[in-house]
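One chain, chain A, links the two complexes that follow: it is found with chain B in the first and with chain C in the second.
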Partner chain A sequence: MLFIIRSTVSIATLPVLTTGEAAQDAWASSLLVVPGTVLIVLLVGGLGIKFKEMTVVEYSAELLGRPLGAVVSSLFLLVFLHFAATDIRVYAEVLISGFTPKTPIPFIVGIVIALAVIASQLGIETIGRMADVLTPLFVLFIALGILGCLVTFDIQHLEPVLSRGSMPIISGALTPTALGAKYLTLAMLIPNTTKPSKALTYAVVSVLLSGVVLIAVATSTVAVLGADLSRNTVFPFFKALRSVRITQLIQRIEALAVISWGYGVFIDVSLLLYSGAKGLSQLLGLDDYRVLLLPLAVIWGFYTVESHDTLLELMHVYRPSTLIPFVTVMVFVPYIVLWIAYLIRVRRSHGESG
Partner chain B sequence: MTRIRNVCFRITLIALIISITSVTMTGCWNRREPVGLLFPTLLGFDIDETGEYIVFAQFPNPTVASGAAANGGGGGRSLSFWVNIGRGQTPYSALKDLALTTSRLISLTHVTVLLISEKLARQGIGPIVELFLRNHELRLIVRTAIVEGSITDLLESELPLEPTPGLGMHRMLEFIRDERSQIPEGNLLEKLREMAEPGHDPMFMRMTVLPAAKEQSFTDPGTTQGEMAKPIVKIHGSAVFRKDKMVGWLDDHESGGANWVLGTISRATYVVAAPQHDCLVTIELLQRSREVKPLISGDEIGVNVKIGAVARVQDITGRIPVDRDDRETVEWLTQEVVGHIENDVQLALSKARELGADVFGFGNLIYRKEPRVWEQIGEDRWHELFQTLKVNVDVEVHVRRPGLVISSFTPR
Partner chain C sequence: MKWFKQLKQLFSTKHDDSSTDPANLEDDRLDISEREHLVQSIRLEPSIEANLKALKKMIGPSWDIPIRPLLLGTHRVPAAVVIIEGFSDKNQVAELTQALTVELLNSPLRDTPAESLPEAIVGRLLQSSKIDYADTLDGLWRLLTGGNTVILVDGYNRAIGCSSEGAVYRAIEEPSSETVMRGPRDGFIESIAENMSLVRRRLRTPNLWSERFIVGSLTKTQVAMLYIKGLAHEELIEELRQRISRIRIDGILGAGQIEEFIEDQPASLFPLVFQTERPDRAASMLLEGRIAIMIDGTPFVLCVPTEFSMLLHAPDDYYEKVPSGTILGSLRYLAFWSSILIPGAYTATLTFHQELIPTELLIKIIASREGVPFPVAVEVFLMEFVFELLREAGLRLPKAIGSAVTIVGALILGDAAINAGLVSPPVVIVVALTALSSFSTPTYSFSLAARLSRFVFVILGAVLGLFGVQFGFLLLLMFLTSLRSFGYPYFSPFGPLILSNMKDVLYRTWWWDMIRRPFPVGSREPIRQPPGRKPRPGLEKEEVEKREARRSE
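== the complex of A and B ==
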């Protein structure tokens, strides 16, 4: 589940190419994204496994007290909303830009959210099982897409290798690493896992596997489109697959990317909606999160449609100058505060016992 | 029992999701029936004196193509294709102008050939490239050629043996490279990549409209319909570009020379004169290898080009024994062929220097392999340096096969 939501980012806007100066060295930026994301997983999941029976909303209240805990939890709920809204909107934009220009955005958004509501209503286990069913197809379609790219794969486009120093590579890694903040959902998942102590290991494995997907997709996109066209394209992997003609019969393989993207968005939004509803229900002291699903879905739908007027505005969300301050304020700083509170508490309890 | 219920539930859920997604995600919001659509297979772009873009779209006629009305009901002949012309201040507005005179909705999803007039190419193909990059229906896999002569004459005449000239030209552009490698590789994506690379200028296919195109125009009442059709177009040589503007033509030999260096020759034919036997020998060559390496020594920059090919004898107009014991003849043939290839490469090099376009991508080679040297040279200075660049060409040919006979046929 975590693998699929993380990899969807790679095949969507391919920020490793489009947000920085990495160009032909996008594969190196992708390599750099992996340790960065592992750190985020350790930040979020590391605290999560200290409170195996609690979600982040519950242990925030426990560590910081109810009022401050509620403020921190609200920030996290807004992060779920923001990520879900941008993911759905980007998916809607690729369908409208690439296939169905007359389809109204609310229609696509409504369908995706309706599916997510059905999945969330059935519970986290259902979402997990759906991810189990869809992951092999997701991997198969992306692998077929990458194989298709081999027809026009030109390794010369990956040269010169690492010739411009480290800054372009770091610039390409910033946004995809910051998008690792999606692992915040791990903080809502741990209490639902059968083996909470192993959740962290599985999350790190998902980062490594999605890193492989990211490297493969970034490399094949640059090798097909060339560095210059890739970084100037809104949906580079989609454009690369559209520019591949294997035989007269086998072409238009961009459908593979869009189908796997659709699977990813479905799992991604379902999990974010579940996390949002569950967190809000705990914040409000409700017994069941399900009563919140429909009202939340309506609010999220409106937010998705109304939050960005244009595609260019939407792309701005992925700029490091926008995304990094956002995740720093909304995720990193609150988590550092939570960690400090936890460490003070551990020290105190050691002091008391000592 | 619970297990069966779980399996049923799972199957129902998967079926539900597949149904919802397949109904809602696969089609357009509005109805677009194939019957109401027209799919041009070929687009041609030209520009007039006032700077207005002219677009030529060639549509297959589905009713005739399927044979339903091949000869029309009233004795008149229905054509299997239709050409419509639109005009506009920009390429896209010219395309939209087509809609005013077309009875169905135009879908550009099946365009496979892009023709650009010499005039427009010399003015700059940037606006056409923009259209192909931005539009969601047009794809970069279109075969692209620069047309020498009138696009109108070309599109308003029938291509022999081809019910739909657009598809026929696509086949021509695709297969002709296997037959005669003098023309450059190329779909639009490859050309755009070359344009975007530092130190590389692209070559496009050159398409010459033959006089028969005008004579066989279906719009002219005095056409040669019913008579044996003549070829209307010839694909040969290349159009050379600097940035997005065409700067000149390469003939067959120059274009072939450039392709030897680029390593894109699949099959080339040379006629070698044998004055000692008073005859000609036709040799067919297949390129087996190509290696281009930068040669940096102090301030001097050069390039080493190694070309490898295998040859077979296709015909001899006199009597030459190409025997396994006759090493001298084979050696002589090899040297002759090497000389021809080297000559073509030199011709290509001189013409490229004359046009100021690095069609070989030597600059790109230095950018890729020696980025620090490239930085010192500077992208702006490359074309100046290209004029005096030292290029060493080393050609290795093996005459491997004499064909299916050893010695020439001897009538008695």
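== the complex of A and C ==
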């Protein structure tokens, strides 16, 4: 089942569309993002394939005992909720700022959530297949956008190369890498795949693939807009595409990016909702996650709409200074605890048998 | 108390087994299910008089079932020949009657005693290629409806059926719903036997198996299930067998009924069972490991499991050159999606996103919309509605008047509406474009689905703009990907993505390159042919060696 690749390519590529920190050396930070994300995948997926039949909720209860396991799993569930909410919110902001300025945010949020609920209701199989269908479209549209950028490509925008030292590059890579924490969904998906042992390979391949997209997008954005503009805009890739005018006829190719982003958000958000609902149902000991979908969706909708008042406040979430601590506390620390528990267990069983 | 009786029937299948007396058939109070049951329970008796009496009671005043009494041989054994008019070939019946009368008297069999006479005439006199027997009245009737000439002989408690099928059917002609430029021109007709032979002529392997079912308690329609044994998955065959034998309806009159009984998702707008009128397509489906279902009385053959992409294939794709087949195939995909999306996208763009349209074009469109009293959505909706009306009217009318509809539609409605300023020309262009696109969809029921879902997209586009169109698109895709046909994913080569199947879907490759059968339908034996069969000049290596060996001798 290759669907992990396809579903996560879009997940990993999404942040690119929103961030651009490292000025002219954005391509270099994108390069850094890849190993960082691979690390996260190994952290999350590595433990996942040790417990092929279980989701993270189940094995954390097994490793840490029920109470502590529940705490850890609920942290993860919060991460799902949080990421899903911010993703939708960003998408809604883009749509509103670029296309339908008069539409109220709850409207768009509601529709995206409705789609995600329907998808999760139909099951993980449908989400996987949707990812199969949409990911080629997603990549195709972004590729077309980049192709359009080539016309106004100015290679001088990329110079001077690596002139400002390594700090900006690293800090530029931080946010996208931290967003790689969305690969946490892997921990929920592995039991659903037909070949769990291969899941890790696929996930790493997907990181590499999305790395390619990432570099291409980052480079073309800077090359079109120039370093300063791309650092100071909220959605640089859109800005870049908007400034492209190929002929009289082809002017507004950022529509391509919005469409493809819509596909990406759809897959992303449905996966997160599915993972959240599935995880919660296992935490509560329910048979079917589907009963949880509607209540979760309502909470999630309110959270999305009410958590941030303005776009600027929303973008604050993506600053390294907020995102890094968040991801560390919510993902890294729990996972390190889980790993330690696992290693202790292995050592102990070794001791018993040997 | 009738309703009570019927209620009782609903809840219990037990019948009143007390009477098997043919005399009861005269009872007018018997309802149809009771009559049917009674007929099934009546056994044939040795006495021909009793049998004929029962037969006459069963058929009542029906006039198309002549009973011809005969006296056989020198012992004057009473006998009768029964047929249904129009089911049997008159010449064959005449020959049979002649054999039983004149030829019997001239043959050495004429003195055979009554007890051994039936065996004697079957074994040594009758020239029919197929003889069947029946022990019950119901069986006798089945022989008759099968086109047999039934012979009853006194003292023999079985009916002898000599095959003499001769029902008149429409000639085999080119199917009107699936026409091709290059390719075979024969199509299925209404006779299941003829259809079976059309397929078997193409697939001459003995492993083309065909199972027969009788479906419909009153119509007693023959339904056949065709598959290549060893290629089609056994679970699939078993599943279909179950679904067909589960049907308990009183009548089957067309393929659509069977389709409804066997499809997975009844609410689906998109056809989940593939229909074809072409034997070559049915054969190609069988070669992929699918199952064909034939129904007597309809030229449509169903094929399962069905995939979305099959419905966008035209038979021509396989008879034309590969590059043109590929390009035309992709054109059809484009046409299909545009026939769904274009009106909605046009409405959305003009209502919400005018800035997406290049300025000059926008000015032109706005200028032409000057004075139109409706919003874009209403305009599009109206024109689409009118177009659907025209199409439906054209379909229902006799062919001779059909052309009048076109004139009314094109001239009066189109032209006059624009002149009167009720609709703008761009909308007419959009509607015409969608119409053309939907005409290029090869499967009718499929284009029907596209036609109907189009209206949803117009509404979504009018309310939510392009965002709404995308919302609808995602919903549609979600629906398509969640569908299954006999457990096989409907949207198969796209979602789940199966790259090896793309060879026959997004593009077409040469036959020598189609090494694998489609997955998962043909996965029982995935290899269709050995690789390396590309045409090339010169002799094969083995051939060269053989010739050299011969020369050196």
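Just so it is clear, the second predicted complex is superposed on the first by the 333 of 354 C-alpha atoms of A that agree within 3 Å, B and C clash if a C-alpha of one lies under 4 Å from a C-alpha of the other, contacts with A are read in each partner's own complex, and residues count from 1 in each chain.
In this text, a residue touches a chain if its C-beta (ideal position, glycine included) is under 8 Å from a C-beta of that chain, and two chains touch if they have at least 3 such contacts.
Please read all numbers here as calculations on a predicted model, not as lab measurements.
Overlay on chain A: chain B and chain C clash in the combined arrangement. Using the contact criterion defined above for the overlaid structures, shared-chain residue A:Asp228 touches chain B, although it does not reach chain C. Residue contacts after overlaying the shared chain place A:Val139 against neither chain B nor chain C. Using the contact criterion defined above for the overlaid structures, shared-chain residue A:Leu68 touches neither chain B nor chain C, since it reaches no partner.
Touch criterion not met for A:Leu209: it reaches neither chain B nor chain C. In the superposed model, A:Leu115 lies in contact with both chain B and chain C. When the shared chain is aligned, chain C comes close enough to touch A:Gly128, but chain B does not. Contacts of A:Ile246 after superposition on the shared chain: neither chain B nor chain C is touched. In the superposition on chain A, A:Leu31 makes contact with neither chain B nor chain C.
In the superposed pair of complexes, A:Leu286 makes contact with neither chain B nor chain C. When both structures are laid over each other on chain A, chain B collides with chain C only at 474-482; the other stretches in 474-482, 492-500, 510-518 or 528-536 stay clear.
Common to the chain B and chain C interfaces on chain A are residues 95, 99-100, 103, 108, 111, 115, 118, 122, 126, 129-130, 133, 251, 262, 266.
For chain A in complex with chain B, the touching residues are 95, 97-104, 107-108, 111, 114-115, 118, 122, 126, 129-130, 133, 152, 154, 156-157, 159-160, 163-164, 224-229, 242-245, 251, 262, 266. The residues of chain C lying in touch with chain A in their complex are 352-353, 355-356, 358, 360-361, 464-467, 470-471, 474-475, 477-478, 481-482, 489, 491, 494-497. Touching chain C in their complex are the following residues of chain A: 2-3, 6, 95, 99-100, 103, 108, 111, 115, 118-119, 122-123, 125-126, 128-134, 136, 248-249, 251-252, 255, 259, 262-263, 266. Taken in their complex, chain B has these residues touching chain A: 10, 13-14, 16-17, 20-21, 24-25, 27-30, 133, 136, 139-141, 187, 189, 192-193, 196-197, 367-369, 371-372.
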